[in-house]
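The following pair of complexes shares a single chain, chain A, combined with chain B in the former and chain C in the latter.
Moving on to the complex of A and B:
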């Protein structure tokens, strides 16, 4: 296999100096770190390249629809004061014409400092494994995790209250942004102080239905169960944080019971 | 009169397209500047913005970036990149409305002037010279501190239909940041 080369950056980011650095690459998009329109403030750049195997007209329509949907959700949530990265700029139109032009789309967002909750919990679980703690210390440690889970629940509640469902809630799509400037990494036991910020609204949609809200919670519950076994028993704390965050939470949680019984697909056909 | 013209190379835009920005207070000849602009005089091709409609540097640079990016990709909806900057401040697709709301008016007192170097003869020096001979006003720095003394928060909120948002009470509080972010997303999403 040859060395991997990410696709060339679309205009205007072929001008950017220094060039944006590639952070992650998913099936739908590439994520870069770059600067905002103020060179001293960083920004995240999400690029959805066109998919050559799709018909060009269909491809442009899908790419455009999806990036606009994501941007609209972010815009709405920022207006509502929910902790999400702000939308800074977007281009859904492509350029260079239908034939041979660039049919992708991009979105520039506020850069969120900190780490994703997945990393925080993984570090904590690894650290706990290496310790021999008395019952009181274990309880103290678990209390920190419970606090974080409660905050996560509250953040999701605020999101749902604003009329948006995330569509892909995992611990990789929740970030912990430290309060101050920089937290000192201690002996491998991570800090759990900070604001929970929701990220990656690529599959989000505007909905206030209990079903959609319950599926958000269910997907996260399953994700925590499979990636953070040591933290999973404390998931109830997340539910508690969620329950207290907005009025509609109780009926969404009622629906969660049904979803747990049958899985996230409502239809049992096919 | 001392010039306060600032020349900015916006990140992501080619260095061949620097942006020249000047902010004036107590402008005495807004009506005549508007007249020159409406007469289509080439040397008065600027984005003349009523600075009371501007919240911050980030607010303006978002509109400049959108306009220049659309200019680079041949997607202008108005006459030129300068009218497009005024149009880009608007949250909706109505060009005439954008000029009424954000453009210079006869009664404009605080004026933000923007010129993009779309041709090589447009330089910092040429823009500074032309502005100091044509704008009668007090040049002030183009920064958030000065803009906060100039901007009319209620008018801005109304133009963007953001009346429900809390109003900023100090220069860089949470309400201001939230309002600014809401403006940036409105500019970005216009026409979506």
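Moving on to the complex of A and C:
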């Protein structure tokens, strides 16, 4: 098995000072923190390395298609004023797309401070587990989570209103950017104050269909169900935030009912 | 503790006998017998014919299994059967047999979820402790990870199962169903070289195959590659003749279509598995289910896992493809925690989701 080594960085990032630091290895891409133009301006660098398990033709097709798609969606959303990281630079074909090229592609984006909602909810769930709270405090705590979920719903609504669907909504792809300076955490209970910023548009597409919007919400609903069982019962709050965010929300939510009931996902018991 | 496992949710009838030694040493497989109902090329297996097959073989197989395991009826502690999911009629014919044996021998029944059976057998054989599981077969396509006493489904197909997609394309090409259509597609795909463009449908951690099947069926029709005639030519031609034809001509061959179908759908499966691994932070992958015995899928999954600094666990056809011991294994784990299925509740169901089972035997 051996120690894991990330693939070498493409030019010019193999030659920048300080070198980019690897933040996460997602399924599709590696996310680095680097700087743009000036060493004082942080930037996020998303590299999609080629996937050696795939057939090279298929790999090139998917990598290229997805990075361009992602860049187009980001550019459009920034124009529409949706809170997403701004696009700074892109190379969709790796070294000019030569046959012998590197095969991957990269995208540079504005740096977003804060942490992903998954971490916030996990911290909160862990914290709640250790506490023995009376009913009033539990309610107060849950109110904070409800507020966050409502904000998430509203952010997704604004995204859908702009004519883009995310395609992979999970709590790992929603960030909470704190207002102003960092908020100090006391006793491990995370702050839930801030702006919800949507990230990772790797599977996003431009669509205004209720079906696509409903699937977006459904994917998130199930992701919350499987990763944050404690917060799942409050999902309705997210729906509420979504409903009030734009006009077309009502028909998308109606479609969500159908998606939930559809096909093999549906339990036939009882 | 000794358990008999009876599996018949699709076209395989499997009887297995497992021993869980009292001293806590590793479980042993005492017998693992399977008989498959094979339909003619170009056809799938129909529920009524499959059920008839199971009815006529179940007694023979149980007798043979007991003989092979060298155990008598008195040694057996419980009878485990597949409660679901699967095809109704075959499930029913096996559950009737299980009930009969239970009454005849005075043994307790344990109803088992088929998918959980696959997972538990895979964990036992490979020694993977807490893997992300890709369960791929003719009836199911799911990416599963364990969390707080449930096998939770992270991603799955939105329409048909991947095995069903391969099987039905085998029918289009009139490829033999013996030993399995997927196996014959895999062999033919090894001669394919040219990748044809097919839809690639991944939605988050879910995927869809029906559009791909329609597209490739359309291509087969367009190039005149489907049907019995072409299948006969396939058998007549030797591999090197075909290679010569390939290089002179850019229209896809039957092998190219099989190759392209496999490359496309397996890429999708590896992609959603990788996404689930990234999501839960696991480095182990376990592949179970009939399609899991495909070596190309195992190879692709291996490359992906290696690049993430992890490893892939896969089993061979004895344990991958539906069998009785997996039912015995999962059943015995449940039995060990006190789980019983009373006779009045010993029913089967076509729909039985993996995450409905309370996994009491893990922490």
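Throughout what follows, the second predicted complex is superposed on the first by the 245 of 270 C-alpha atoms of A that agree within 3 Å, B and C clash if a C-alpha of one lies under 4 Å from a C-alpha of the other, contacts with A are read in each partner's own complex, and residues count from 1 in each chain.
In the analysis below, a contact is a pair of C-beta atoms (placed from the backbone, for glycine too) under 8 Å apart; a residue touches a chain by one contact, two chains touch by 3 or more.
Quick caveat, the model's predicted, so the values are computed rather than measured.
With both structures placed on the common chain, the touch criterion links A:172 to chain C but leaves chain B unconnected.
In the superposed model, A:229 lies in contact with chain C only, and not with chain B.
In the superposed pair of complexes, A:81 makes contact with chain B only, with no contact to chain C. In the superposed pair of complexes, A:189 makes contact with neither chain B nor chain C. By the touch criterion defined above, A:205 lies against neither chain B nor chain C after alignment on the C-alpha atoms of chain A. By the touch criterion stated above, A:11 is placed in contact with chain B alone, chain C being left untouched.
Of the two partner chains placed by superposition, only chain B is touched by A:38; chain C is not. Looking at the shared chain after the overlay, A:72 reaches chain B, while chain C stays out of its contact range. By the touch rule above, chain A contacts chain B in their complex via residues 11-13, 15-16, 34-39, 68, 71-72, 74-75, 78-79, 81, 86-93, 95-96, 110.
Interface residues of chain B, counted against chain A in their complex, comprise 10-15, 57-58, 61-62, 65-66, 69, 72-75, 162, 165, 178, 181-182, 184-186, 188-189, 192.
Looking at the complex, you find that chain A touches chain C at residues 1-4, 7, 25-28, 51-55, 57-58, 61-62, 167-170, 172, 203, 215, 219, 223, 226-227, 229, 263-269.
The touching residues of chain C, counted against chain A in their complex, run 145, 147-148, 152-154, 156-159, 195, 197, 200, 202-206, 263-264, 267, 270-271, 274-275, 277-279, 299-301, 303-304, 307-311, 349-353, 356.
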